[in-house]
């Protein structure tokens, strides 16, 4: 078993920061619920959904999962692989648009 | 060749006995200073009974051997399948017992076994488990218990896979890519139990591998010995480490596509299934997208290629360096090339899909990213041959395998440029050119490295030297045979012979290749049979082989400097080694010997002109 | 030493094999000569690198084989050499990539005057549909496919009526006129591939894929399925008959259109009805 | 957590620190427990699993020409006779975030070696998780009752049900596994296993409160995934 020096693990954060983040998460969740409640549509809806989503995800990762206090070596190892996911997402958006286009064009519109 | 070891035995023994306890009191403490340990000693569970020592064992070295043997078993099954395929292709009149169903089942199982259950398991499970803790100077993997479960998950996955040979309908015959709708449609061989067992087996493999992979990664990242920086690790560890990273991030896509396809098959969902008309009837599926599966599959599949290739790159670098008695040329470049290739491999997957009917504009993106990978790969090749340059090359069996690797890898790598460049790929894709390419680059080339690695590390694992003469026969038959299988096969692809054809003698341009096909089949039989030379060699050596002693190759890296040979559980006896230099200080000017082990403190080699530590 | 000779023999043998091989690509019969050119270019550059690397390796084997006490160079890195090699490789790769991308740009952009051909694939066979006088293909739906409507044409679509149906696995093409192949599959993946035309693309159920080429040599060619599609994959063949303009027009006149087919079926139905009536009468 | 002190090494902050950590020997993540590092890498891998699910969902939903059911109608719940859109989902989100908060506090009290508080908070987290799973079971049965099946549904594109059951099912499995471990760990905390360093099963390692943080990482990750599912499945 590796016993990492105990002394540094005892240093913790004030309870206030957790309560703050907790509260913020509730507020943000409420906001993203309101996006649906007021039936915003189009670009506004999408940007609001994504903003609230990333804020919530960021808060959870940074404070609840302690990434804010971790050393950059760990943070970077965790975040860089997301570029592969981002690339996958972007290309799949292009792909589904193309598939939808061919389906609608050849099966419904014709030419 | 073997006299040289005899001659130098006394000198290296003197050297190694000094260096093992290398961090002790020395004349110049400042010079040899290494930071104290951050982490306490690891508790190890030592087995007491036969079962805890050899079966449910928590020693990474035993687990490595278990992985190795299981993978070799599946590999032999794959080899026999390839024989049957070649019999059908070369001499169909002799293969009367084979129907097209059988042929396609063999194609599928051969591909899946060789790529996933043989090569991946062998490199990462086998070599990874055995070598990582030894090379980074750890007592064991960081989570020995999880490591053990990882192997048994793999074992169950293999058992499930093999079981599919014996279920009604046989194993799946949908090609190793398991493309839907084909894979789960009635009429395809093994579309009932066969495909389900395949998907379950793959899922088990991924779960088991995740457990093992976490071990390899954390061992490399968090459990290195004192003085072992990342940039002092042998390239073997770099290769296996990066490949494991790729596996951890790529296997999820395989898991997801397996789950989705299982649901399509069992519950009748339509993730990958569009409206289909089969035998005049419209099936209950509708609206799914087969292309989606291809994207998910290749998002896994392309990193998978590098999961096989990167450990081979790493291992071969070490072998070439040790046996040409010279430091690996451009170590830093080699490391960055491995990492760069690994990172890029997540951005190139759809070059397997140029003619799949995906968004045609993807061709530009993927051709560009694919050809970018050619640059670091080419740098690695240059560095291997530049390591040979002005070295002192021992032409033993290990080196022969390495040279064979260079020839086959360069050949296969260059045909990769054909297939990665979108326009050039169009006429060649789905032809024998593709078969020749990927067998050369990820079949034969990694196999050459595996063989070299077996001859190199067998003395460490078993304490005896493998027979050189048998080894050379093994090499030449394998190398020349394999080369003459796959080199001419490219030209079948130029003619335009498509892949996965059960019979091919009815078109004029195919008829012209009958003779060549027979020749290829003959060569395949011989090469396959030659592999049994190795098995004979191993059995013979275990009985009557020459004892290897410590460090028979006069290598620098830590695995050769263990307390006993073969290393016991815990690897390094009472004290963990302390590392003072990289693993490649061979033939340093001014040194007494032509190698300076990693554990030698600078004060002991004070007169040498060491450039990098 | 002998090892070096064998490796040398392998390299020389590979080159000789390439020079004297009787197996090489079939004579091209379409506009995609540029594809052959890119292959040739890649072949020369890649083959050159292969030979150079391997010969260097063989030279090292001859020159630096183990000798006790040989002075070995100790030079962990050579920044300058590595830089030169990186740039040289990069330039080589760009030189290979650029023409490839240019040709791909032509491949995905279909000329305006291309004739569209609907290629329908199933396990295991092909059939074809050409647009009629209006130059437009009617829309299709897989669920519409039945004996009376082998292509699944949507009956309400006016474009479909004059479509020329070719219920055979052989299609005729006009020389020197680009064709846009629209691929459609009703069950699994297929691929309509004529080696002499070089081009290919998969047919995927659920969507329509395309590619184009311009046949420029008259003759009969074989169509192969190039994407694994089940146990009949190897036997899934078709044919292309590239003809001169007059022959083609003559052939086209003889083909049946969708409205012909419907009319024929109507007639058939009427006749069967009449027949049934007759039989009934006779019985009475 | 906050920067550890490593003997013989000056730990620099920021990117410089990253460079020197990476270049140093023994460990790359300075002061990070093996188990914690493992959990992080595992979560990275699991992120790819969920990303692939969601990307597949995006591709599937985006490329179907059939109309996709409107989630705010499908998931509406009658409250006092009025259909409220996404009511149950909102409550589930509320429950999951609550449990995430208690978990974060449990980790804090664990490090302070406050056995009682830590134990109760882990137990509260487990109860929250259980409530979430229960509500999900309710939601599933409601939808099944309304005729939604993995292969078809009365509202629109068939893939709606497929993706819904698959993704929420996979997430629910994660939650359930987490709940089981939370109950076990709360027992272990109350029994004082982490104070005495008692070894658990499946491991040769001595018990330590860092295990609460490791479990916490997993639990927060489950919450994190829900954030994405909520945004992409229920709000899109």
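Of note:
In this document, chain identifiers A, B, C and D correspond to the written order of the chains, with residue numbering beginning at 1 in each.
Keep this in mind: a contact is a pair of C-beta atoms (placed from the backbone, for glycine too) under 8 Å apart; a residue touches a chain by one contact, two chains touch by 3 or more.
Every value quoted in this text rests on a predicted model; they were computed, and no experiment measured them.
Here B is the chain whose Cα centre lies closest to the centre of all protein Cα atoms. The distance from the centre of chain A to the centre of chain D, each centre being the mean of the chain's C-alpha atoms, comes to 13 Å. Inter-chain spacing, taken between the CA centroids of chain C and chain D, is 48 Å. Centres computed as Cα averages put chain A at a distance of 35 Å from chain B. In chain C, the residues touching two or more other chains are 206-207, 209. Residue positions 1-4, 81, 88, 92, 95, 99, 103, 107-108 of chain A each touch two or more of the other chains.
Multi-chain contact residues of chain D (touching two or more other chains) are listed as 22, 28-30, 32, 34, 37, 44, 48, 51, 59, 63-64, 204-206. Pairs of chains that satisfy the touch definition comprise A-B, A-C, A-D, B-C, B-D. Interface residues of chain D, counted against chain A in their complex, comprise 1-5, 11, 14-15, 17-18, 21-22, 28-34, 37, 40, 44, 47-48, 51, 55, 58-59, 61-65, 72, 85-86, 90, 93-94, 97, 100-101, 103-105, 108, 111-113, 204-206, 208-210, 213, 216-217, 220-221, 223-224, 227-228, 230-231, 234-236. Residues of chain A that touch chain D in their complex: 1-5, 7-13, 15, 18-19, 21-22, 25-26, 29, 32-33, 35-37, 39, 45, 49-50, 52-53, 56-57, 60-61, 63-66, 69-74, 76-78, 81-82, 85, 88-89, 92-93, 95-97, 99-100, 103-104, 107-108.
Partner chain C is touched in their complex by these residues of chain A: 99, 102-103, 106-111. Those residues of chain B whose C-beta lies close enough to touch chain A in the complex are 38-40, 42-43, 142, 222-223, 249, 289, 291, 295, 299, 346-347, 350, 358-359, 361-362, 365.
Put simply, chain B touches chain D in their complex at residues 34-39, 43-45, 58, 142-146, 210, 213-214, 217-218, 221-232, 248-253, 255-257, 259-260, 263, 267-271, 284, 286-289, 292, 295-296, 299, 579.
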